[in-house]
Amino acid sequence: MIDWLPLWLSLRLALVTTVILFVLGIPLSYWLAYSRRRWKVVAEACISLPMVLPPTVLGFYLLLAFSPDGSFGRVLDHYFDIRLVFTFQGLVVASLIYSLPFMVNPLLAGFKNLPPHLLEASRTLGKSDWTTLRRILLPNMRPSLITGAILAFAHTIGEFGVVMMIGGAIPGRTRVASVAIYDEVQSMNYHLANRYAAVLLIFSFSILLVVYLINHHFSQSKAVV
Amino acid sequence: MNAPPVHLSFRATKMLHTAQGRQLFDVAFNLPQGLLLAVCGPSGAGKTTLLRILAGLTDTDSGDIAMGGDVWLDHSRRISLPTRRRPLGFVFQDFALFPHLTVRGQLEFALPKNADRSIIDDLLRLMELEELQHRRPALLSGGQQQRIAIARAIARRPRLLLLDEPLSALDDEMRSKLQDYIARAHRHFHLTTILVSHYLPEIFSLSDEVIILEGGKISKQGAPASLFPKDKITGNLRLTGEIIDIAAAGGLSVIHVLAAGTTIHVVCPAGEAANRRVGQTVTVAYRDLNPVICE
Amino acid sequence: MNNARWSLPAICAVALIGASRPTTASNFAGTPVTSSAGNLTTCASTEVLVAAAADLRFAMDSLVAVFSRENPGITVKPTYGSSGNFFEQIKNGAPFDLFFSADVDYPRQLKTQNKTASDVHIYGTGQLVLWSKTLDPARDKMNTLLDKSVAKIAIANPAHAPYGKRAEESLHHYNLYNKVKDKLIFGENIAQTAQYAQSGAAEVGMIALSLALSPAMRQAGGKYWLVPSIAHQPLLQGFVLLPHSNGNAGAGKFAEFCESAVAKNILGAFGFGEGPDR
């Protein structure tokens, strides 16, 4: 019988991560798009690093960084009563780092593809940068916003290496669907592993379908008559 | 006659990096209130740069700008008022309309929070946009988009209106109509206006004062009539071509000559064009910036 | 309208994170939890997190099933992996209540580092077998590994899996290591090793007897042969209570249960021999 818990955990992890990345990603990509500081390139490289880093490397360093034995982990544990290893919160933090480039890069491309004078026109109309971002830039970037959210979401659902390193596969907390599938295969419960995999596949495919439909609708309505 | 009070004083230098290499932009002028100034010159001369510096969209290597007693830029004291705090309106060459807002939406966005909304209907009427007010810009023609851009720039009652080659993308009939709109708006709202153009008919018909920019510096300045006298020919370049069209624009005629693979627009008084006809082979010489048919 | 667009994601973020913070009772805050025995439990029940060596995969399931029948309010949640990995994780603060290790050396090390909450209890001896779906290991014994049809031999990773270390020792003992080392593939833990053999990815596997006796392996129709215990160091299996279990009555009860005669029978049935006296 299928245990919905790992699927629910994966869904929650992906949702929480995506929402936070959305809120963090917009100011970050805005800064990357419009800043003229020289060291911006360094920031871009750092943000994209998780894309090329093997997940286990990231997981390993996070394990070292967050372990209660280490100095940072000890501070978290002692003063804030927060543990980031083997907890759901730890997975969220790891996912934020791991999926960040998948949110930032589409947003950055979106900002760069905006007609160049929109921002300036809004300034000449006396609007603050915040108002411009909210009412002019973002509404004209909907496909990028959607793409970023979807990529971050899908990437987090599929996360495995990092979760294995710092998750501990604890049922109900860190045993997400990808880990559960691995586990069931090891137990030779192939039909159960199949079920988890099928649910994930159908779910992910449906999301993609909905997203592409939305995107398609937007580009249709923008077509010149 | 008393000289009108100086309203806008402008002085700026900037090293520009153009396709032709480095060029020093060094311009200074004063503009009395309520006048319409045309800025013209060959491409790359710095006309758009001038507008952008005025608007605070481009920074300078040195300069001062003041309008009506308010300091907008004082480079030596590191004062530079951000664009959004300068009471100006800017009409971009590509209109820069917001794709997701209707015509009315553009104007509503332009208004500050507590402003009187009735100006929106005024502008829609003035620019003949009433029927289009609920459409999005993408569905409208170039001329209509142009009017929206002008209306939007004026909506918040700026003190200075800047127009960057506003009519370059339009056909001749649209051009003369739009010149009308610009003139109307300038008078109706008592604006001080700076218009960048290299199209002589509109310079003649709209402006009170003209500045010619070449290589980043002012080469001539004055009233339109005084800058383009008709007798001296100092032209170095002569081209032979064929007249392909003769059009009327205001009290002038514009003769379109196809020469050397391009169309040259020659401006002359209506009387002179009377004995020209389409298909005629002519020689065109450039005098300063003013092409004149000499044979 | 525009403000609503932003507040909604923000509210969702706060809600979801808030919901995920565990309460001091170390349970899922407000979310019903389904245990492996299928009981629906609520916040009020006790949860016992067990780190179990992979060779206990099926034996532990049976232990938990029997225990849960007698103690419906206590949910035991086993997580399986290699003993060496768990050792590292526990040293780094992994929130387990009990640690069942396939090599008693690991819990003993934890004890010397003062990271345990009880003494180390030995619960049996693990035994190493050769297992194959296609060949009969009992016929050629260790020389089965040299059979021409054997392209891959699965053993657990010797770096951190006790059965893997013992497999390596056995190979050296019979002077086979150099002849077969190119054919070795390493399972992350002994269960994955068994899965490699069961799926045919490896023609022969050196796995735990407890896994060879499991339903899944039996169904696969393989045959096995017990590797003589002189060929390797003994696989003393031990468990210990961890500091995370302090105050968790359910953890203590389960630990007691694992020492009981019932538990010893179950473990015996799965091939875990008696303690060190054997």
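As written, the chains take the letters A, B and C, and residue 1 is the first residue of each chain.
By our rule, contacts are C-beta pairs under 8 Å (C-beta built on N, C-alpha and C of every residue); 3 or more make two chains touch, one makes a residue touch a chain.
From a predicted model like this one, the values you see are computed outputs, not experimental measurements.
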item: Pairwise touch network: line, ring, star, complete, or other; value: line
item: Most central chain, judged by mean C-alpha position against the global CA mean; value: A
item: Centre-to-centre distance between subunit B and subunit A (centres being mean Cα positions), rounded to whole Å; value: 48
item: Mean-CA-position distance for subunit C and subunit B (Å); value: 80
item: Rounded Å distance, subunit A centre to subunit C centre (Cα mean); value: 32
item: Set of subunit A residues in contact with two or more other chains; value: 135
item: Multi-partner residues of subunit B (at least 2 other chains); value: none
item: Subunit C: positions in contact with at least two other chains; value: none
item: Complex interface listing, subunit B residues touching subunit A; value: 55-57, 82-85, 88-90, 92, 94, 96-100, 109-110, 112, 138-139, 152-153, 155-156
item: Of all residues in subunit A, those that touch subunit B in their complex; value: 115, 117-118, 120-128, 135-136, 139-140, 222, 224-225
item: Of subunit A, residues touching subunit C in the complex; value: 1, 3-5, 12, 15-16, 19-20, 22-23, 63, 67-69, 73, 77, 83, 85-89, 92, 134-135, 168-173, 175, 183, 185-189
item: Contact set on subunit C toward subunit A in their complex; value: 2, 6, 9-10, 12-13, 16-17, 20-22, 28, 33-34, 36, 38, 47, 49, 54, 57, 77, 79-81, 89, 91-96, 189, 191-192, 194-195, 198, 216-217, 220
